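In the two complexes that follow, subunit A is the common piece, with subunit B as its partner first and subunit C second.
== the complex of A and B ==
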């Protein structure tokens, strides 16, 4: 089996495409495309991959939210299931009950603590009546809304920091806190029961939550523990993952191929030296080397890329060397050498283009590996900064919530990662078949 | 959910007293973190203290709410301002049968400050004692350097070992079990680091034989794995039930949850000393003077933090918003301090007033494996600060790296705003006040963990006065007053008190402890 790749510089041979009804010349690129398109699965993978790349590249313009901008999301929306709409802020009133005359209703100045645009709580009023009952004195609280039916939207309320002594007629007291939880029904008949001889000022805070949500923003894939929109976070995460994969792959290819070609061209000691370094590098588990590097360098996209280049260049070097060893002995290299062309020119203009196909195949597979490795590092918590989550970090963040049934925080980014890597691998597989000279017809 | 938990807590209180002695049994308890030794004087940390409490008694034991209970001492009274007389319990024997006497107390208190390679020693607990006088076998007198009301609290965390077995014994001898001979309710059967600690009931315990024949402690650090071990029946009790799983577990009939307030406050240290503080800059990255020197900026940061959101959202309701250093009900807590209210507009106004109308940039630091949901709390605070115009980045790291960097070197902390927690070992307010807010003075044992460099003369004077006061009421009032000064001055920013959750088989219950310890003695049979 000594069939070698046909040198690029040679003129394209007669069409090997058997289906061609009449002889015609086909450009190498056209042939490449035709060969690639033979596998429907690979084409499907390519289409998915292109889709993912488009999503990732245009994420800042198409994502509903900027998941890296801490002011763009709110912890209030944390852990919402897929399909939820954005919530409104709870409305907090600081209420001081004025001196009351028995039987006379007084509207309470509800001093707003938080300003929000919740259409419901804007029209809310609280009034109080002091009542003398057989059981003692109590202050009846009337909560009214405008429009009145809006009260039905009231989902839950919390009454906080009631002075020590008085209690409520309805609602649930928190086990440890000075906090009462009230439901809409509790508001039907709500009063503060005053103990005998209590004459301190009564003030408390009332926090109201409505079942009304903001139809203007839907979290299609739910939110994470910080209230981040998962869909946006995943698009940005893909962006990080792909750019880290491609950048590290590109630079590793550049470095690895240069060294591999140099080793093959010069042979002898240079070859031994470079290839022993490669062996040494490949002897270490990649994840271990990356972990050590990041432990020293710290967190950050640039550092992750650097670490990935360090662990990957050796693969390219080895592949480029083996391809170049074959090419090195061919006549066109000898011819170039006889023409007294410079070594650099021979390596990069003559040798390199003919060694590219196998390196490209390794490249696609390595990009997928780099993405997986970056996700692994982020999953272990040493990759990217916490506030700029990549897919791996998103998966890791959601991991703690799996047992609690909040699957979406982990599962969706996991699926996205899976699809990305599978589609790259499908494309890479077909590339290998197309570019493999042994399979060439 | 809180409704369910409320009834749960009440149910547990009832179960505690209804627990009937039944047939003895072995239990296995899974802990979130492992003890580093069974030497009671090696490492002063909750992880170790909770284990050694089974094997050794202190002169004074701490109850579930850290109340002081007679242990090996039956009474302790001040003879005058500087001498305390302790009457010891008679008829107590060590696990090897030898009698316990005052001489063992002298030996233990001499050994405690002075264990080689101790990562955190007990020196601070016995530092106030200048002289120990053995009056007779069951009476001992301590002389302190000046009036020192906290001596009983301090001695409640120093366990007593026997001179006979302990003389010359190293930490390794304790770990092998050879020297681990105390007077406690359990004896050490075996200690396998990284795997298990096995204890057996001490039939002759002076406080009565414990309920459980054999107790095995297993460290399972991963939250989901620990919970899974309980659900599968591998273990009977677990500590630190993850908050995110509590709402589901509350409806699970195969698990009983027990909850209790902790003495641990989670707070932010804020650099109020250095002229230029690390990790703070103008928004364009240029260096600015330390903005936290201005009280208004510190107030603004406190106001910008929505403590209620931290409790309700990040902690899923399993915490208590904090405005001071201990939850209500503890000794020395002020009744006049309210939890600071969330007020982003007010915060922005204060920032503008202080000369930062457009805010500035800072990095907030925190651990990611120390406190309940610590990493998420830091991120939530970063979100809140970003909303008032302070561009906030987040840096979290494992505790092994974090605490060293947070304490820093002679130039102070490597951080300017950092999340930390403090559990009051003595169960009263002087512990956090002295450690976190007093002006740094290593010789006087003050400001040992004052990472923000806070210093306020008025506060120091009142705290010093409190520490001289042997009168409890007076001391409580002074501690409350000191707390009020420091909180008004925003010496640090408390966010919440932890609430701890234990999980157990449904026929068992755990009596919650404020010191967060998981003790076999607090595991009781539930009244079903």
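== the complex of A and C ==
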């Protein structure tokens, strides 16, 4: 009770009879956040989970490679161990020098033997300039690259079939063949010196050899059997796994919760009917039902999601119903009926929000289960199509190489799957503790 | 108490032979079990049985009975939370089950209920302002712009500081929560309040404050009350008239003073058996001897006969009817026939 020091309070009717328990206004959400943060492990799990989600969502922008773009990776990179650099083919240019005018640069086209799939070295060009010097005439050869760093990839070159007479300013001639071997430094200052009175047409073959690895691109987690970067493949795989898990979880929640609330609110026959179907559904092993469904429906992201919804909705329905049965008996629902609020309003504004906590807990656990189940199905080869590899499919793909010691193809996606599921479960466990009505103050 | 002028107008609420049965039907599994030879029956509870009563405008009627006798169920039927399974209920002379949607809604709003548990009767996810303001807003009782001020006014009526309206129920004490519940009911401009054990869950000191609030609101708003309680002291203090209920039936009905002075029905007499006390201020009552029979399987004839000290053979065979024994007094006991 408020103790009145003055004989008469100024406000006539407004004086509260009992003292307020605490002065600040704490919203249920704020309280929920504080409670959640009490477990450091759960907060750690949440941070990891958020990290995983960010990786998955932004995979197209942050992954080093697009694992779905067949032109982006190459067979020769297949099964490289973690930490390897990307491999290239050596480049070969064959060059014919046209009529040259002193002082004017002429680009020399490569004619054949230039292999594709080397994005850096594709930009290499060789140009020739006829110069008059005090010693006579010479053709200066210059190598340029686009982008310029690609020049660093140039390791060696060979010049073949030069006509008799002209010599090179640097490089080493073969003991008896018409073959000059050049190092990368030799290119810094390279010219063909023409002897006095030489007037023949000059043509020769220039073979440029680039380094075999690309120091600018490392496969930190190795590559798979197709030469894909595992890191990129896993980020995309995570994206597929998470979206399949979340989408199926979301729709299963929507369907299950509506049915569960309906069963609880109306009771009687409706309740019996719905709950018998739920019992039936939960009586079958999840994996079996999913296997049968996919055997009938075939592969595909949509089909996997559909199958996961079918095997999961019953969990949500059961949880929502039992929560709603408890909430429905509470007097605020009767009060709402007394206030002549519509049934729809009572179910969706009063009943549903109060039934949400246990459903959310089941939701997090079920999303983890869905991801694991999808991985299992893909591992068994009936889940997602090969063009959209999920973590499960990646594990499955690498399984054959496991015994050959190429562990990374299977193990890293497996670890990613494990971390994802464990972090979701850590968050789910803490949610259960925080939202448990029996533990609520 | 009743005045002569009031007897002319139709009662604000009248029940005519109202009954409420709860039936727990057999589900498929139980039916299957029955086919295999077990003997499972539907569970039927006649929570309220053939109740006739009339409450006049401005009256406070107390409803007393042991736990499980159907007081709350009767209150819920009156408040429109449950539909009666038999009989009819009249509001100012109109049968409520024959009203159109709009009129039925209006009657429903006119009769509001105050609940026992002040915590579970408030939606924990709503702020006080929403708890009180939802129904007036939805039903257009006040315009959008005035809602805020209206909620403040309701809070002031029940002695709550309007500055607390952004809080959630868990931030209040029990007495304050009950006040919020009262404000929520007041906000739809009711004429009739059903108070179901409305102070039972509160501390004794707070009980008195809330009871005083009820009496003040009665004067300020001209309210009529059906006051359900198992606390005879509270009922005596508050009511103009008392009805005693036993296993779904009204067994005695009388003006408060008369009932406490000369209880007629043996059950009432048992209820009123006082514990001798030194202080004369507050009376204490002993619980009635004997076990309360299961409402699933009530005794035949007069439901009270297994516990009644005066029971006759006739009491086992035949249920006594609630009959007038004096002006304004009714009782259901075969003993009254002998006079």
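Here is the rule we use: the second predicted complex is superposed on the first by the 293 of 441 C-alpha atoms of A that agree within 3 Å, B and C clash if a C-alpha of one lies under 4 Å from a C-alpha of the other, contacts with A are read in each partner's own complex, and residues count from 1 in each chain.
Assume a contact is a pair of C-beta atoms (placed from the backbone, for glycine too) under 8 Å apart; a residue touches a chain by one contact, two chains touch by 3 or more.
Bear in mind the structure is a predicted one, so any value in this text is a computation, not a measurement.
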| item | value |
| --- | --- |
| First, second, both or neither for A:345, with subunit B first and subunit C second | second |
| Touched partner set for A:404, first subunit B, second subunit C, both or neither | first |
| Partner chain(s) touched by A:337 [first = subunit B, second = subunit C, both, neither] | second |
| Which of subunit B and subunit C A:75 touches, first, second, both or neither | first |
| Subunit B versus subunit C as contact partner of A:27, first or second or both or neither | second |
| First (subunit B), second (subunit C), both or neither touched by A:353 | second |
| Subunit B versus subunit C as contact partner of A:180, first or second or both or neither | neither |
| Doubly contacted residues of subunit A, that is, touched by subunit B and again by subunit C | none |
| Subunit A to subunit C touching residues, read off their complex | 13-22, 25-28, 268, 272, 276, 330-332, 334-341, 345, 350, 353-354, 441 |
| Contact set on subunit B toward subunit A in their complex | 2-3, 5-6, 8-10, 223-224, 227-228, 242, 244-245, 247-248, 259, 261, 306, 308-310, 313-314, 320-321, 327, 338-339, 341-345, 368, 375-376, 379-380, 382-384, 386-387, 392-396, 499 |
| Touching residues on subunit A, where the partner in the complex is subunit B | 69-71, 73-76, 78, 92, 94, 113-115, 160-161, 172-177, 181, 205, 207, 225-227, 381, 385-387, 399-406 |
| Touching residues on subunit C, where the partner in the complex is subunit A | 25, 27-28, 76, 79-81, 105, 108-109, 111-113, 115-117, 120-125, 134-135, 138-139, 156-157, 159-162, 164, 166-168, 170-173, 175-176, 179, 181, 184-185, 188, 206, 209 |
